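Take a look at the structure set out below.
Order as written gives the chain letters A, B, C and D; numbering starts at 1 within each chain.
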Amino acid sequence: MKKIINQPDQVVDQMLKGFVYANGERVKRVPNTTVIVQKHKEKNKVALVSGGGSGHEPAHTGFVGKGMLTAAVAGEVFTSPSPDQVLEGIKAADNGAGVLLIIKNYTGDVMNFEMAKELAEAEGIVVEQLIVDDDIAVEDSTHTAGKRGVAGTVIVHKILGAAADLGMSLTDIKALGDRLVKQMKSIGVAMTAATVPEVGKPGFSLADDEMEYGVGIHSEPGYHRTKVKSSASIAEELVSKLKQAFDFQNGETYGLLVNGLGATPLMEQYIFLHDVEKQLANEDVDVAFKKVGALMTSLDMNGVSLTLVKLEQDWLKLWQHPVDVTDW
Amino acid sequence: MLTVNNTKAWLERFADKIKTNKAYLSELDSVIGDGDHGNNMARGVKAMKEKLAEGDYVEPEEVLKDASMALLSKIGGASGPLYGSAFLGMSKQADQDSADIHAIVKAGLDGITKRGKAEVGEKTMVDVWSPIVEHLEKGTVTIEAVQDSVEATKDLKASKGRASYLGERSLGELDPGAVSSGYLFEAMIEGEIIDE
Amino acid sequence: MKKIINQPDQVVDQMLKGFVYANGERVKRVPNTTVIVQKHKEKNKVALVSGGGSGHEPAHTGFVGKGMLTAAVAGEVFTSPSPDQVLEGIKAADNGAGVLLIIKNYTGDVMNFEMAKELAEAEGIVVEQLIVDDDIAVEDSTHTAGKRGVAGTVIVHKILGAAADLGMSLTDIKALGDRLVKQMKSIGVAMTAATVPEVGKPGFSLADDEMEYGVGIHSEPGYHRTKVKSSASIAEELVSKLKQAFDFQNGETYGLLVNGLGATPLMEQYIFLHDVEKQLANEDVDVAFKKVGALMTSLDMNGVSLTLVKLEQDWLKLWQHPVDVTDW
Amino acid sequence: MLTVNNTKAWLERFADKIKTNKAYLSELDSVIGDGDHGNNMARGVKAMKEKLAEGDYVEPEEVLKDASMALLSKIGGASGPLYGSAFLGMSKQADQDSADIHAIVKAGLDGITKRGKAEVGEKTMVDVWSPIVEHLEKGTVTIEAVQDSVEATKDLKASKGRASYLGERSLGELDPGAVSSGYLFEAMIEGEIIDE
């Protein structure tokens, strides 16, 4: 394991210290917690709180700031934060207009955030929750914990963050979020697995000439292992899966995110996007925005994911709404 | 029956087993999960041990309550809320009747299923807690019985938790949460809490 | 070699196509060239043109936009673009107030950009050039091609870009740039080398437990190979080298950049920054800005570099001047 | 003396040698540079060949001029401007006197040193061009002479170009640009351009 770290069990704390040192004008850390919160909050705006296990940087701390998240709660690497940490996040974020929790759909995250919600409600704070489950690599059946939450979560942060900044009510934001999540789908591919510092070896192993379709952002298994393919054929596979899941209709408008998983050069992300563009050129759908970058990573995993979101009328405006965060 | 002393001894023994098997538990979790169960549990029981060492307890339910809070706030992940809920359930029931171990453990199981919604057979810690509750009722709980129920999770296909993404491929592997729960019950038996 | 690409000799063209697809509202590509230029240029402002070999993304295309570069010229991977490409960049960028070329100090870059400058001057365009040589890993002696240009180049883009946006003259910007480059120093460390697609294997090899201090962004050799060290001791080494080179004086104010080299998780960059913070706490100098991220990469190299710049009075304002670019 | 035909034949032969040795040149460059010299040169000579195939030339300097432009715009890196300047210098001199090969090659060398500021002994292509100019003057140029001067770059310590960062460690290795320049002169000799 080659990592620029110190003690493996200290990575989260030390990372947060570095983050606050760099961005102390925009954010602060709630003392004795793993909560990063906006420094200059605005009264009577709905607060958005997200978070989860660490190792997905810049998610979620990098999106704390005006126009996106009010607070982010960091767990240990790939491990959901506990209810008391999330509760601290809720309390620090609340502006008096209620709090929306944005949760990636993993058993641990859902349970810890839900318990925090119960605790916060007991303290009189109005809390709603939104569960993001955009990863179509896993079937949504009663035989699994359900679809996983992956890179699309960042789109939720952006669009709902704009809604909150524009003064929308908690009920309306929650409703908007429910529609948004239903219309958003992601799928990824991994060339290598991530190595959790405390574990010290990759979460799974792939031969030098192998890759895997559908891997999750904590190295959860995908649906097909194969020899390394060209960017063009990866794009073909991922777009066809998304096309099928969406059932593209003429004239629809989509937003698109190519997400690097942590160790993937930006050059490759753009090459991949170009291949996605070629695939989509065959479809009679519009792509209103395209975002590229390592936004929801999996430590040092090499790979990309592709997210599409079917846009409603006003969503593009929300997407373009200005933000003041560290990593947008 | 539970006393402050035997409860503390039980949980310390549990903590020691987790600490000893930390790497093994993470190893199991790396096969069908994300490789952190040992680290999660070790972080939790360390905090629990420290908290119990500080406490000045009169009743066993206070010990269980503090254990619950420590585990809940330090384990994280899926097992944090589950162990936290289990211990909270046990604490409440011990407050009612500290002599009925069966009822206490059953309350723990109820805490787990209420929070995690898993049923028997979904390859989770429930598949250890549930048979142990039955054994306690019948008075047949033994180390072997615990180990058998842990071992039996190998034959189950996961449909809850992270292992469920593996589907068929989860067959043949032990469930990490079942193994850590097994340690809890081994420690209970070794602590001679259960009256003959 | 695991890369999400197609034909290795097509990576630059395909990357640029993806880039323009994603950012077509802000930039355009000059037809039949590798030049990316601002779409909405402002008359009578000095134009900044940079570029060089590809493989350093987001440098330089990601910094094209209001407040930073007017145009970026992309060469083949790790290979300077040719004079005719740079000339196209100069012509596309010129707003009538002259053009400043920002060149990283490599033999190839300097010669190609200089020839382009001569060609442009022959066409009546006023052109100045600024050579960035911030890497202190290499001695600046008559026995080498001189210090290399690395991550500090991005700071030059930012500060001079603001000056240009504020309407400063070419002469003044050039003079500012000369002072800035003199007061800026970088040094890096690599855990792994980069693999150029057309080469197919890493530029050098390091054992599983080795790292190297002072490696350049094209895998040029460093000054010391050693067993992998902790983030804290890497910070200690790099800060001590910078301290010595600057000869820190009480009360000075610096700006700081932690730059990821391509495959380094953001988590590690922040942990490293935290260790740098601890080292600098021993010094009686002020750090007015801290920027963190993969800004000047070396394809899939795993490593970080640290840049310090000693700030003059007004530079912080220029640093904070708003930009509209893809990757700031 | 240079004619349109023997100049084209010379440069085509050069192009073929580069193509054949593309991987070898990059390999050499990966030892003391950044591993792209073969790819750079191959890209350049491919464009040059295409351009020369199209051209309808009356004078050899036109061939050299087109070659210069193709190399300059397609090689990139350090060697692009250097080969470009060399061929531009040769073209200008051929325009003066297409019979004096020594003067033509010397003008090429001048183009290189004017652009790259390297002197003899700095482990660059100059260390092939310069002895060849001398040999041409003395009428002693042979394949062996070319290969000797290429080989001799092994004993030099680089102080120009990317290899200079290696300092002492550049000793014992061939200079890639010297090797590619060697091909140019081998092709010239094989093309029987030099009058006995």
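In this text, contacts are C-beta pairs under 8 Å (C-beta built on N, C-alpha and C of every residue); 3 or more make two chains touch, one makes a residue touch a chain.
None of the values given here were measured: they were computed from a predicted structure.
For this pair, chain B with chain C, the centres built from the Cα atoms lie 54 Å apart. A separation of 29 Å divides the Cα centre of chain A from that of chain C. Taking the mean of the C-alpha atoms as each chain's centre, chain B and chain D sit 76 Å apart. Among all residues of chain C, none touch two or more other chains.
Taken residue by residue, chain D touches two or more other chains at no position, since every residue touches fewer. In terms of inter-chain touching, the protein chains here are arranged end to end in an open line.
Going by the touch rule set out above, the chain pairs that meet are A-B, A-C, C-D. Residues of chain C that touch chain D in their complex: 9, 53, 75-85, 106-108, 111-112, 115, 138, 142-145, 148, 196, 198-199, 203, 216, 218-221. Note for the complex: chain B touches chain A at residues 26, 30, 34-36, 39-40, 43, 72-82, 84, 115-116, 159-162, 164-167, 169. Taken in their complex, chain C has these residues touching chain A: 2-6, 11, 14-19, 21-22, 54-55, 57-58, 62, 189, 191-192, 208, 211, 228, 230-232, 234, 258, 262-275, 277, 290-294, 297, 299-300, 302-304, 327.
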